[in-house]
Structure formats: structure tokens, C-alpha cells
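In what follows, a structure is listed as C-alpha cells, so that the remarks can point back to it.
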Amino acid sequence: MINKVFETFEEAVKDVPDGAVIMVGNFAGPGGTPFYLIQALRRQGAKNLTIVANTAGGIGLTLDYDDHRILFENKQVKKVIASFPFSTSASRPSVAEKQILSGEVELEIVPQGTLSERIRAGGAGIPAFYTPTGAGTVIEKGKEVGVFDGRPCLLERALKADYAFVRAFKADLMGNLVYRGTQRQFNPIMAIAARTTIAEVDQVVDPGELDPESIVTPGIYVKRIVKVKEDPGFPRHLERNFQVRQA
Amino acid sequence: MINKVFETFEEAVKDVPDGAVIMVGNFAGPGGTPFYLIQALRRQGAKNLTIVANTAGGIGLTLDYDDHRILFENKQVKKVIASFPFSTSASRPSVAEKQILSGEVELEIVPQGTLSERIRAGGAGIPAFYTPTGAGTVIEKGKEVGVFDGRPCLLERALKADYAFVRAFKADLMGNLVYRGTQRQFNPIMAIAARTTIAEVDQVVDPGELDPESIVTPGIYVKRIVKVKEDPGFPRHLERNFQVRQA
Amino acid sequence: MTKERLSREAMAMRIAKELFDGAVVNLGIGIPTLVSSFVPEGMTVIYHTENGAMGFGPVVTAEEMKEKADIDLVNASGQYITPQAGMCFFHHADSFTMIRGGHIDMTVLGVLQVSEKGDLANWMFPGRGVGNIGGGMDLAFNAKRVIAATEHTTKDGKPKIVKRCSVALTAPECVDLIVTDIAVIEVKDKSLWLRELAPGWTVDEVQALTEPTLKVAPDLKEIELL
Amino acid sequence: MTKERLSREAMAMRIAKELFDGAVVNLGIGIPTLVSSFVPEGMTVIYHTENGAMGFGPVVTAEEMKEKADIDLVNASGQYITPQAGMCFFHHADSFTMIRGGHIDMTVLGVLQVSEKGDLANWMFPGRGVGNIGGGMDLAFNAKRVIAATEHTTKDGKPKIVKRCSVALTAPECVDLIVTDIAVIEVKDKSLWLRELAPGWTVDEVQALTEPTLKVAPDLKEIELL
């Protein structure tokens, strides 16, 4: 069996070429964000990247940490596909905001449900689908409109990537992943939509140690696994699960 | 909180009207088939039903049991939407086969992946999607063809139902469902695509007793729960799970 | 001239009266989030958050932070939330299956402008030329009931309820009920029906701060918070 | 005239040589199912079944039946299968996400007819006027590699490899390799390339039982099973 475990984040991102399309799990805080992979990619330096993620990094919603904001800072990004690209604070605009407004970075803004579904479609071999969301708004621009049950809907295209950087709780050696609480967010759908999915995890275990009923990402989707070796110091209680009553 | 638990299968299917569209979980054996709900519906007698299921019942692949074949026998079905509608044995054709060939029952045959995706789309508010499967075959007939990345694809429509009969392992009082092994099959996607989803389960537990990481069907999708009270005598080891090594 | 307006908490209390037992609810950022503090005793409301949790408990308070805060249990605003019996988790595509599929009974959203036909505009930052769509557009288009929670006028006194929205729409004709700091207005048949007034306010006073013409509900009454 | 043909087991052995370490494989009913018995020692093959399991172990044998058979652990043919370390479960839409999304490396399918362009027909029952599509159509359209496993001729001696399929197609131009009981034929550039012959068979003899004209591979050889 091919060994999927990489010793360092450096090795895991070494082959990312200039111009790659990269999906990055990220939503409201560091929980589900593969920030060590992102840091390694900044050190690696690949340029002209297209980033697919919920935000364009550094939106300042919660704890401060190195999300994909640092790729914009390092001028590695040429395009971002996101639903929530800007800082919520006018006085603390993100790096991406300045780059987008100056035209240095191209932005494709997508409603979050459409973004999720386009990513899932990419993984599921669905080239396009109709959704009501966005009809009659600026999102409609340039899109085919179909009417279903009297409701106008937009034809939206699948999104695929060269790489997906995902964050999970545990991986087994086959690549099966389990997540912890709200860590899932975009990670499981990005894992299926990229040619090379790299998982950043807290624990690597032998096959058979994960409950097969709880595995969210089947191992066939994960090509590389890297274990986090330090504690970044965020509030987290890995010894606990979120079950209220034990059966 | 509204009580979702019904004491009898009779009560749970009492309001099914003539002409209803009903999705039924069913695949290769009795494991994931809600056969007590089906039996109750036969006794209840609603007519002119449209059945959405992988088969048209009684395909004779495995153990003999009362799947939705009995609804065809009782002449309650006017249309079936299925991927595998016929018995694999020419010498033992199913009841549905005779009814379909005589024109008594209408058949819409759908590739299994397209059937799954149409059901999921029905639950997900996606009115239609493109798939490559079926282009250039009889499945293409009457459908819009779109070409994506040079590949012809068919526009397929979402499927919704009035009722979904699903089989699961355990329900909590909120309606959250967990399944056992290959029992999932069509059940979780049918659960999201029907106005009234009724779950037939082995155990009903208090909220908090199911591992929140293992819940496959969120409770909001399940309107009625009925517990199986007898042992139908199939090979089954409910005291075991399918995990090979305990962590 | 400076009549009393409802506080944000009072608006949230009024909105909480729209809840019902078993309701599946998604609350936007701001006033909407406050609604969860005013759920009537004994009523079960099931909260949904875009990032894939449902049926979770209250937000972690400042005192509980050290004991309970966990970066793997947050809501869409990045607040720490608490486990609750019956809670479950799912990924983003399954989360928006709930929204787009019409499985959310009610959403409460903030407002930049709302039009007389119920068009909602709330995703562009005023004066910044940019905006975040996030999950709000899917909610506005697809939740069974959309409640707009807003001050009746902007900081400089201009109506937020307008004939036609002048900024980019979140969704056309989506709002069912508008709860402001001086009135409750129902959107019905592409008209605005004034249903409730804040204590001390008259129909004419509310109309004066509203761009489109309001129809007055036959059973117009004073806003009751409990 | 009655030369020896490969047994079904021998055909499965030949097909097993197409496997590779880590391959994700879906096997159809019949000869394809037999392939799993001939995986080379030390090689990991990950099996997928339409009804939502992956990485499971061997089929339960007759002797194990009482101890191991469980209706909640079956494959798409309804056979009882066994748990194996690394196995996982998923629902039908996620199962066909794997198939339609191109995540299945190889599928082995039965054949009614296969054409010189690699069109596959296998879902209509001959002479019965009906058929089951099942999961085969999605597999034929979307698996990375489609291997057709078939006797070279029908029971009454007619070619199953034909110029044009006369029955309803499963998928056009989908087959990559045809393994029969007398030959191995590759479909490349819309032509059929005869690559291997069963022991004792000649090119002319195989051609005589094949409707379209075969091109002969420059490295034509005898089928090796191990």
C-alpha cells in the first residue's frame, strides 16, 4: 500500500506549481483551517494561484492566526473565488481587499450555498446545475437562466482544483478522515473536488481504529496526510467529544 | 416538542392519500428496507401510488421478504421510477414486470446514479442538473443535451415525494437517525426529499445518546418514527458493530 | 420629535414571538442573534448554522470561556457555542441542502434597504464599494419565512424602507415581515401592511419615515413584546 | 474445431493482472465478481459497492454463514461481505459521487455485445424485452478504466464482439479492454487490437468468431494468467 503520510508540511506542498488552483478549508476561526499547510505554501512560494475558499483570508472575525491571508500578503494569488471576501471592519480592511480593489487580484464572488454546491458538483462529476439563489441579482450576470416550477434559476458550473488543503481531526493510514464538531464545513467537499487532497490532522491511526460509521471522508479521496506536531495554543479540548450523554 | 414517535405502523401511514408519491429505501436484501411500513401501507390500501425506489420489488436477488412487491400485488401502484425494475430470473418474473409489460403500471427507468442524484437534488433545492450518464443511449430521449468540456450531458430533473419510508438503526426523539453498515443506501437521501419522512428503526433513544459525529440524517428531516417490535428472523447481529479494532 | 424607539433587545423580543415549537431557525449577525435570548419557556427552537451544526446550545458566556470555548464548536459568526442533546454536524453542502431545499422554517436577517415589494438589500457595505454575500443570499431566497430586522431609518434619518432598493439586491421579493424599532410591517401581495406600532407612535409618524405608502391593517395595534 | 476455451476462473485471473496496488475497483455481477479471488499477494485493492461501502473484506463463505452473515453488510449483488480495517460507509448519492466523479480506477462489467468502437450493451435481457440498468450505466460512462469480461461468442456461437451493437447501449465508446475466453483485445483509437490469444488459438480463428476486423498488436502473445 502506498504510504500517504508525509513527515513535513514542506514535503506535502513541494510540488504545487505556479498557476495551481487550490481549495482551502476555512470558516469562522482556526478550527477547520489547515494553517500549517498554508504556511508551508507561503514558504514554498508558488505564484499566480487561484484560491477557492469561503473568504479571502484575514477577515478579522475571530482569533488572529495565519490563514490564507498570508498568501495574499506574499503576492502569491492572482484570483480568489469566495463568498465572504472582505473584512467586516471598514477600518481594518484585509490585504486581499486592497489587492482586489486595485485590480491586482481578481475576485469571483459566489453565494455560499452556490460555492458549496459547485465544489461538491466538481467532486461528483456534475458539470453544472440550476439553483434559484442569485436570480434577479448581480449574480445572474452572464449566466443562463432556466425557469423551473415558475421560478427563475441560474445555471452554475462545477469547481475543481489541483489541490485541496483540508483540516481534519484524525486520519487512518488509508486516508479515511473524521472531523471534530464544526471543523467539517468546506473540508469534506473540497476533499472530493481536487486532484491532490492533502489533509492536516491532529492524529494518525491504524486502519480499523476509526468507527466506520463516523468516517466522513473516505480514504480514496486523500492522497497525502500530515500530522500537526505542535500546539498552536487555541482554545481546544481534544480529550473531549461533543456528545452530551454517553449511551 | 412535538412527539415524533408513533406506536404503530398503521398510525404512521394512515394519512397516505390515493395518488401519493412515495420513496422507499430498498437495495439488495432486507437490511435497509422499511418492510413493516410497506406492509402497513398495503393494509391501509391507498391506490394510484407512484413508487420511487431502486427496484420494483421482488427481484429475487436475496432473501425472500415483503418488500414493495406487495404493493404491486395489491394493485396499489400506477407508476414506478426505478433503476433495477425487473427480476434477474426470466423464469420468475416479478409481479411488477407483468404489470409493466401489460401497461397496467407505468415504468420510468433511470440509471442508478442519476436516480440517487435526482432524489438528493429534490431535497437540496436543485431543480435540475447535468450528468454525462446516459448521453447517446435510450436515456437521452426527450432530454435537453448540454456539452461541457466536450462531453455531452443530459439535463435531469429533481425528484420529490409526498412520503419517504426509510429504514434506520436508531432514532433519537428529535428524529436524528444513525444507520448500520450498508443499511444507508437510498435511505438518507430519500429522507431529505419528501414532505413527510417516516423512519422504521430498531431502537428509539433520548436526544444526546447518539454520537453527534455519527448522525447521518439530521432530525429536522424526520417527521414520524416507528420502532420495530418483532424479530423478522433475518441474519443480523445487532449487538455487534462493524469496527474491526477498538481504539 | 425624539420619540422613544425600541431597543435592539426589544426588537429581538418582538421577533421571538414569531417562533413556534420545533421551528428550525437560522439567525443572521447583529439584532437577529439576540432573538435566541427571548425564546418562550418550554419552547424548543432548533438553530442551524451555515458551518454545519444544528440543535446546538447557547453561546459560551464570558465566564464560561476558559472551561468551554473550543475552536471546533463555533457558529457562523465565529462565536463559541455549546453542545446540546440532539445536536448534529454536517458539511457545508449538506448545510446548504437544508437552506436551499426549503428546510429552514425561518431566518432573521439584517437590512440595508428593503423595498415595498419585499426586495432585500443587505450584503454591500454602505460607502465601501464592496460586500460579503456569505450565506445570506441563499437564506433570503430559500428560507420558508424571511424576517427583516432593522432600525426604521439610517443613522442620518433616511428611510431604510424604500420604493426601490438603490443598492445591490440580496434577493427580490423575499421578505415576509419587517420588524423595526418603531413598527411591524407585513409584506403581502407586493404591498406593505402596517400591523403594529411602537408605543406612542402614530400611523402618520411611521409613514413619514417610510418611503413607500403603507397600507394600514384593519387590526392595527401596539407592539406587544410578551 | 472444439478448441479449449478459458474457464470463467481463468478469465478472472487474467483480468486480475490489470489490478494495481491501491486500485479502487467496482466489480459487476458474474465473471467480474470472481476477479477478487485472484488479487496478487501483498497487493491492496479497495472494493467499492454501489450500496455504500468501500474497503470491505471478502464475501462470507458457506461455512461462515451462521457466524458472520448480517443483512446490514452486503454488496450490490446481495452477498454478505465481511468487515475489514479501513472500511467505511456512505449513502447512495455519495456512492455515485465516487463513480460519476471519476474516482473509481477500474470496473469490470459483463457483456451482451461490445462494438468495434468500444460501445457496450449489457443491460437488456436478451429476448425478454426488458432490462435493468442499475449502477452499470454510471460505471460504464464514468469509471477511469472499463474492462469488459465475456465469453467470445453467444451460446449459439454468434459473435458478441460486433461492428454495431444491435441492442440498447449501456454507454458508447466506453470499453478499454475486452477479456474473453479466447483472447484479450484492446480498444484504442476506435479500433480493436488483438493483444493476446488463449493457448492453441490462432489470429484467424479468433477473427473468424469476431464480426469487426481485428488489428493485430505487434507484440501479440499468448495469454499469461500469472
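As written, the chains take the letters A, B, C and D, and residue 1 is the first residue of each chain.
Simple rule for what comes next: a contact is a pair of C-beta atoms (placed from the backbone, for glycine too) under 8 Å apart; a residue touches a chain by one contact, two chains touch by 3 or more.
Note that this is a predicted model, so its numbers are computed, not measured.
Novice: Find the chain most remote from chain A, comparing centres computed as mean CA coordinates.
Specialist: That would be chain D.
Novice: So which has more C-beta pairs touching, A-C or B-C?
Specialist: Comparing B-C with A-C, the pair joined by more C-beta contacts is A-C.
Novice: Just the number, please: Cα centre separation of chain B and chain C in whole Å.
Specialist: For chain B versus chain C, the centre distance works out to 37 Å.
Novice: Could you put a whole-Å number on the gap between the CA centroids of chain B and chain D?
Specialist: Here the centre of chain D sits 28 Å away from the centre of chain B.
Novice: For chain C and chain D, what's the span in angstrom between their mean Cα positions?
Specialist: Using C-alpha averages as centres, the distance is 56 Å.
Novice: Going by the contact rule already set, what residues in chain D reach two or more other chains?
Specialist: Chain D, residues with two or more chain partners: 83-85, 87, 89-90, 93, 96, 99-100, 142.
Novice: Residue numbers in chain A touching 2 or more other chains?
Specialist: Each of 117, 120, 124-126, 131-132, 179-181, 206-208, 212-213, 242-245 in chain A touches at least two other chains.
Novice: Chain pairs in touch?
Specialist: A-B, A-C, A-D, B-C, B-D
Novice: Which positions of chain A touch chain B when the two form their complex?
Specialist: 117, 121, 124-132, 146, 148-149, 151, 153, 157, 178-181, 205-214, 241-247
Novice: For the complex, which residues does chain B have touching chain C?
Specialist: 1-2, 120, 122-126, 172-174, 176, 192, 206-208, 212-213, 215, 218-221
Novice: Which residues of chain C touch chain A in the complex?
Specialist: 49-53, 65-66, 69-78, 80, 83-85, 87, 89-93, 95-96, 99-100, 125, 128-135, 137-138, 141-142, 168-172
Novice: Within their complex, state which residues of chain D touch chain A.
Specialist: For chain D paired with chain A, touching residues are 21-22, 24, 44, 46, 54-55, 83-90, 93, 96-103, 142.
Novice: For chain A, which residues count as touching chain C in their complex?
Specialist: 27-32, 61-63, 83-86, 88, 90, 97, 100-101, 109-114, 116-117, 119-120, 131-139, 169, 179-189, 216, 234-237, 240, 242-245
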